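These are the structures in question, set out in turn.
Presented sequentially are two complexes of chain A, the first with chain B as partner and the second with chain C.
== the complex of A and B ==
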């Protein structure tokens, strides 16, 4: 009886092992595409190991395309233009590509496998993107669910970015979470402090990365940041500016204002910060202080549901009704928004109705 | 009565179509039948895998499981063989036939869990087919499945311009169409009986 059981198990295991072995051997010999050549912007050539994704191959070469989902084909941010090679567009890419992008040869680099020589076009600014080894040197609690974390850059030691751009933070496995996560956060420190990066991170309930940052990250820990990414930065014009932020959306605006403080500006600026209760307000004194720095700047915190005991005496309700008094000439006004997708949509709608051109409304479209 | 492989091949396509008379492989049939092009890709992949796995599983069953007295393990072993074969096929196609890979490739992993494949392997055991009959039955079932999904995709393409009641749009109307197609196929069933 016992021997019967052992024979049965042995045969079943034998079959599985044999099949597994066949697959491993096949993988070894069939999936080996040797060294392939990737030509970037027709001038730079890199040799990469074939058989892996273009996104992975490029990041092995220290070229970091933006990618919020870590190469799973679910965020659509790792787009790049292929001028030759790469095979046809896969059904996994189609939902992220418009008809024009399909025509231009835009692909999701995480879905394109390098199996031969490939020519690609990427923006020059992407060469500026690096993966930084950093150390946490400061963590401050701004509110009950928002922390400011300061990282000192170790390798490389300097970062060159525009105020308003973002970096991607890699969280490490913790507790039940077994894999790394990569999430985008706007830089809140000024570009002139190029040896430091400060991020403002709000705890998202059940969020993999924010939970790690809030509950597991300590001063002295090593963290990897990749960046800078994004085209959310101050346009160099003379137009009036409206900043709108909510929650941790204060980060890029803080960076912009600190940057402007150093370079100086005479532009008319109004900064609306929307919060639900007074407990959600933070850095109020620091922002108010900018009113003395700039000739024409106003910080307007607006609270929608103040509790009676908080004794809030400032502006009440949503931020949108307060826009008209801040706008002199809607055609000559730029708006810089950072907040939740719902808030972005409502604010954009209100601004367009007031006559602010859609092309002058700037925002980052990550949640 | 012994049915010849040739008859069995045609019977598997028309009179006992794996999808329209046995209702196997329904999930991918409903979800991938929106475009003719991808239906063809999936259908061809099912055809390849069905033909090959019915041969493989016949060998595994009659040469390994029966002699070793392990018939009760057939479910697990069949699934493992199908999964491993699909993986291997994917690697081979990707390497040597890139064009085919881009038509079939992404559908191959889907097929591992297609119940038509597993169903055919079980049928050939239950009905005690010979090796030749098994391959013919597998290939016929594959073509039958391809035929059924292509027909549905063709009809659904035309349906796009038609007004379908809100509650029936999508899978609802697809199931009704499948039912009507199945009725038509059941009309063939008197010609030859393979059950």
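== the complex of A and C ==
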């Protein structure tokens, strides 16, 4: 009886092993898509190993589409246009694509598996995006929950970006976090300092990447950054400018002002920085100092809820009521905004009501 | 209550460090179905649905959004503010869509209760009846939540 049981177990194990082997062999040979060709913008061809995602295949070729979730199909930022190949749109992609995008062949590159030759269209600026090996050379506490981090570029050693653009930072596994995370942060340094990148990072409650930055990152650590990304940058006109930022939204505006300091400008500029309490203000002296750099620049910190003991004597409440005194010709005013969606919605509404054209309002709404 | 492979995958996504730092399950030893079933029993006892609670949460979050991220006092009882930070989160149940990293904090002055939730909490409660596991940073006890939002 017992021997019969052992024989049955052995037979079951044998069948399982056989099926597992069949699966492995099938995976190896039947799902081997070989080398596939990806044609980009009808002019560049790259050969990639089939069977992996288009996002990963392009990344292996040093072509980095933006991706805030590391290819998990949850952020919807790695869109590109497929003009040939790629198979049907997956259910995981549809929530991120509008009817027009679906009609235009837009896909999430992380969800497209390369199983044959593919033709894609991407913006030319994506060819400028690189993955940088960097070393942390400075960490500064700006407030109780905001740090400034400076990275020296090791390989490649130089980056070409526009003031206002952002990079993606890869955090490493730590504590309970078993995998890398990728998050986007605006560059706060000026493009002319192209051997380094500064970021301003606010600690996000329950944030995987910001907790790593705030609690684990040290001077001397190696960090990988990818970029530059984004279309938030200064338009080359003579229009007056209004900058509005809150929290870590100061980063791209700082980069823009430092850039303008180098190239010079006579444009009228007003910078409103919104903070909840005085403890949320930072780099105030540095921003005020621009009033001596530019012929017509004003830095206006506005605090909404100052504590009595803080003795705040500056502008109080919402930012918007102060706009009229800063805008002399609404039609000839550009606005550059970076902050939370709530703030941006209120600011945009106020600017449009004052006559600033919607087309001249540029913003980065916290990813 | 046994889990299907798909539910096991959902629980894997709820572990610390996958979507959020500390995950969605806290120190709870119950599985996903048990957590949901137990909270559904409490809801039944309270005579309110998860959808109703979620809609009330959304109402308060929307009120603060209209006020440009500043605290608002509603009906002289509810002190509510929403903090929005950079980034978005996916649903651990793999539902379509991504949710802004918002934290709404509500204090019911009458009941002296403070609760907080995220945009993702509203979704998981409304669509999945999931209030998170005990000990999770954003666990919402249905009984306390009802008291805070409606009493």
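We adopt the following convention: the second predicted complex is superposed on the first by the 342 of 367 C-alpha atoms of A that agree within 3 Å, B and C clash if a C-alpha of one lies under 4 Å from a C-alpha of the other, contacts with A are read in each partner's own complex, and residues count from 1 in each chain.
In this text, contacts are C-beta pairs under 8 Å (C-beta built on N, C-alpha and C of every residue); 3 or more make two chains touch, one makes a residue touch a chain.
Predicted model, so just to flag it, every value in this text is computed and none were measured.
Peer 1: In the superposed arrangement, which partner chain does A:264 touch: chain B (first), chain C (second), both, or neither?
Peer 2: neither
Peer 1: Between chain B and chain C, which one contacts more residues of chain A in the superposed model?
Peer 2: Per-residue touch count on chain A favours C.
Peer 1: Applying the document's definition of touch, where does A:95 land relative to chain B and chain C: first, second, both, or neither?
Peer 2: It touches chain C, and chain B stays clear.
Peer 1: Of the partners chain B and chain C, which touch A:15 in the superposed model: first, second, both, neither?
Peer 2: first
Peer 1: Output check: A:103 vs chain B and chain C. Expected answer is one of first, second, both, neither. What do you get?
Peer 2: neither
Peer 1: Scan A:305 for contacts with chain B and chain C and give back first, second, both or neither.
Peer 2: Second partner only, chain C.
Peer 1: Where does A:343 make contact in the superposed view: on chain B (first), on chain C (second), on both, or on neither?
Peer 2: Once the two structures are laid over each other on A, A:343 reaches chain C alone.
Peer 1: Take the contacts of chain A with chain B and those with chain C, and give the residues found in both.
Peer 2: Dual-contact residues (chain A): 92.
Peer 1: Show me the residue ranges of chain A that touch chain B in the complex, using the header's touch definition.
Peer 2: Chain A residues touching chain B: 7-8, 11-12, 15-16, 19-20, 22-23, 26-27, 30-31, 87-88, 90-92, 115.
Peer 1: If you look only at chain A, which of its residues touch chain C in the complex?
Peer 2: Residues 68-69, 72, 74-76, 92, 94-96, 173, 175-179, 183-185, 202, 204-208, 211, 247-248, 304-305, 318, 340-343, 345-346, 366-367 of chain A touch chain C in their complex.
Peer 1: Along chain C, where are the residues that touch chain A in the complex?
Peer 2: 15-18, 20-23, 64-65, 67-71, 82, 84-90, 94, 96-98, 100-101, 103, 137-138
Peer 1: Which chain B residues qualify as touching chain A in the complex?
Peer 2: On the chain B side, the touching residues are 38, 60, 64, 68, 70, 73, 76-77, 80-81, 84, 87-88, 91-92, 94-95, 98, 102, 106.
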